[in-house]
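Order of writing sets the labels: A, B and C. Residues in every chain begin at 1.
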Amino acid sequence: MKKENRLAKVKRRNQSIAFGLFQLISYSIVALLFIILAFIVIKGFSVISWEFITEMPKEGMTQGGIYPAIIGTLCLVLGSMLFAFPVGVLAAIYMNEYVKDGWGKKIIKQMTNNLAGVPSIVFGLFGMALFVNKLEFGDSLLAGSLTLGLLVLPVVIRTTEESLKAVDDTFRHASLALGASKWQTTSRVVLPIAFPNILTGLILSIGRVSGETAPILFTVAAYFLPKLPTSIFDQAMALPYHLYVISTSGTNIEASRAMAYGTALILIIIVLVSNLLANALRKYFGKKVKMN
Amino acid sequence: MHKIESKNVNFYYGETQALHDITLSMKENTVTALIGPSGCGKSTYLRLLNRMNDLIDKTHLNGEIYIDGHNIYAKNTNVDDLRKNVGMVFQKPNPFPKSIYENVAYGLKVNGITDKKVIEERVITSIKQVALWEEVKDKLHKSAFELSGGQQQRLCIARALAIQPSILLMDEPTSALDPISTTKIEELIYELKNNYTIVIVTHNMQQAGRVSDNTAFFYMGELIEYDKTKNLFTNPKKERTQNYITGRFG
Amino acid sequence: MYFCGENKITDLKTNFKQIKEKVIETILMLSSATTSITVVLIVFFLFIEGVGVFNKKPIEEGFLLAVHPSNTIKKLEPAQIKDIFDKKITNWSALGGKNEPIVPFRTEDITEFYSEEELGENFEHFPEKIDEYVSKTPGVIAFFSEKYKSNNFHGRELDINKITVREFLSGEEWFPTAHPVAQMGVKPLILGTLWVSFGAILIALPIGLAAAIYLSEIARKRTRNFLKPLIELLAGIPSVVYGFFGLVVIVPLVQDVFNLPVGETGLAGSIVLAIMALPTIITISEDAMNNTPRAMKEASLALGASHWQTIYKVVIPYSASGITAGAILGIGRAIGETMAVLMVTGNAAVIPHTLLAPVRTIPATIAAELGEAASGGMHYKALFALGCILFIITFCINMLVEVVTHRNSHKKH
């Protein structure tokens, strides 16, 4: 009897030690997130001003603002989404609504997975070889946008596919039973229902695209270019590359540190806002779409 | 001529045979009830009539099904047009997440009707046909999800009627509804019989008795007995039918 | 009978509708082929450029190496040539030749032996003077442009071994811009990549696993719903921001704690990568643990096992393959990561012996050097070859994950 008691005690003690440790670790990870965010917010907050986001960089990028980098990143996000969003959504529709199970579908799925696993620097190499050199777009917004577009394509396809899968089959059947064709059913019933979730995926991929650096290193990004791009064949500055440059190889790294904190904060803000927006959308529409 | 005629229909899901040699004819403007224990093939048979089973991979069919004398599994059949002619109401009410009006107008729009006046006229007629008009006339542009389950199901029937089919398939249309709503739907079926050929799957035998002219009893993929409803329920010829309707199995 | 299309107008309409459907389906199909085409194109372009580095002499195009005609050496390895010009090998006997001190010579050295007048105003006498110098210096090894090779050149052109796949992979020195011959050994880069990545996983795996267990098995639903999105948010932070954070926080920290001359080390890279890999590991392992059948856990608890015993005797073994998949995927991410690593590891292309020294990874090398490499040149192609290696490694890792998770799903059904 006594022995059993001791065993039970040991068991309980082990358990509370283990659980306590796991809890500590979990909260530490979250704490780490807050440390990273707080660090950049605190150091970057004082840098951000109206001038910082609307002025050209000055004095070897130690003064002035990051206006061209913000505009460049916006252009890249827009460009890559103009490519990836329609292509990705159409591809997902084909995968989920049209093609039947079989080896064809398996291959496409596998290839999409493979593309998702390609490291971003390899996209950079590829973009340089194909768009910049072979197709002779040069270092340009076009080359950069296409490279980034291909990079997020698997993300768009995956989130869209999930959104389409979540649409109950009864809606499809009801529509088909009324004599609607496949495309009518897809475009008029399935897509409107799936739209909020697709939109959520789109916003998340915007967050992803705006922070990618490696793919744009050799396809579009300019080290220092104090003017705005005027065509899709122009080079442009971009936020993530700008942060890399001024924190590692600027003319005066120490002097541009403040600029770096500011740039990092802007990047973080973009990512946070897109995440929060996506979550809010998901919650808002989640309530509406559920039937009965 | 029979409105619907099936000749030696065999149907397979992959390797499994779901229907064995079904031969069955239905007259115009009658209500036919398909009864039998779950998994007996009655729903499968129903879904053959508007080719909804085409949506399932790896199925195939032997035999012929004629509607208005045309083999609907012939190569030159346009499935969309077939489904326009053969309306369907599902087990659970499944209105689209659109307004009440848009739900009924949907079938018209996808079938190429663009004249707004025609659409409006047909929408109203259909809603009146299912006796829903008084309940929804003030909220036609509100979401269909705001309606009760019974109202939703009547809306789904209106949606099917709007494209003016000649046949209406109903797959256990009241199984998800309360008794009052069920009564309303049954009354509706009785009314609709005058203009439509109706095939209804149900596992509620009283319902089959109340609404149908003829009843077909399915068991394990076979058509056991098919007769006037009155006869089948009072004087079944097969023992299995007898056992089923007296509640000894199923 | 309107559905079998008898009159002509419905026929036309029906045809039009069907054609439209077909066209749409074709467009959809083409869109879905985009990813496959891209993968094929990536492989094509990467390998076309990357393979170009092999079976070529690692000497700058249009240049040559020559020795005195009496020299018995016919062929040299790139590494040997580098050692000669670095004055590490000083006698031909060390290379199996005659006992004769080596005299390295580059084009610009000519001014030490001849005056400007002798060479001519526009260097028009270059070729003959180089010829003259090479002919009278038995121990010479001369590196100069082909255009300075005179028509009756007396020296003997030296053969240089071409770069082979084997040499490329096992070469211990990466110095692609070296003169007169580039050193294209990627072993330090491959090892650097592996060291940093495995270091990261060693840190991230236990932490990630602990967090996954907590989230999946211990935490209440509300706690979990609060923590999970935050942890996923870690995955959304751009890698360049991690790099920046690493540079200003972790690098100095590593330098202080270990009392190092520089903080930009493999360890700093591993720590940053570990933070970045955490969300992947946690999400995937947690999913796997959530899939443990309730009945199994209840059976264990009913037998008197404590909650903790149930976790490590039932839940963890059951979700082992999911956890493995998470870990492998984490390694894959770490191996391919570019910016963060580039910014914090110090980028010294030497074979790593400790994580407390600067190391250089494959992605960082590409990112740092491609901008300077002339398009189509040797260096450019070598970087593409590095891209091929990276692609192959990550491709294999993805396949491995596929295999592991596939086996897992089989077990469940």
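Observations, loosely collected:
In this section, contacts are C-beta pairs under 8 Å (C-beta built on N, C-alpha and C of every residue); 3 or more make two chains touch, one makes a residue touch a chain.
Given the structure is predicted, the values throughout are model-derived calculations rather than measurements.
Using CA-based centroids throughout, the chain positioned farthest away from chain C is B. Set side by side, A-B and A-C show the greater C-beta contact count at A-C.
Here the chain at the heart of the structure, going by C-alpha means, is A.
Centres computed as Cα averages put chain B at a distance of 62 Å from chain C. As a whole-number value, the distance joining the C-alpha centres of chain A and chain B reads 47 Å. One inter-chain figure worth recording: chain A and chain C are separated by 23 Å, centre to centre, where each centre is the mean of the chain's CA atoms.
Residues of chain B in contact with two or more other chains: 80-82, 84-85. The set of chain C residues touching two or more other chains comprises 17. Under the contact definition stated at the top, the residues of chain A that touch 2 or more other chains are 181. Of all the residues in chain A, the ones that touch chain B in their complex are 100-101, 168, 170-181, 184, 188-189, 192-193, 288-289, 291-292. Looking at the complex, you find that chain B touches chain C at residues 68-70, 72, 74, 76-78, 80-82, 84-85, 112.
Only residues 50, 52, 55, 57, 80-85, 87-88, 90, 92-98, 106-107, 109-111, 145, 149, 156, 159-160, 163 of chain B touch chain A when the two sit together in their complex.
Listed in rising order, the residues of chain C touching chain B in the complex are 1-5, 10, 13-14, 17-18. Within the complex formed with chain A, the chain C residues making contact are 17, 20-21, 24-25, 27-29, 31-36, 38-39, 41-42, 45-46, 48-49, 207, 210-211, 213-215, 218-219, 227, 229-231, 233-234, 236-245, 247-249, 275, 278, 282, 306-309, 332, 335-339, 342-343, 363, 366-367, 370-371, 375, 383-384, 387, 390-391, 394-395, 397-398, 402.
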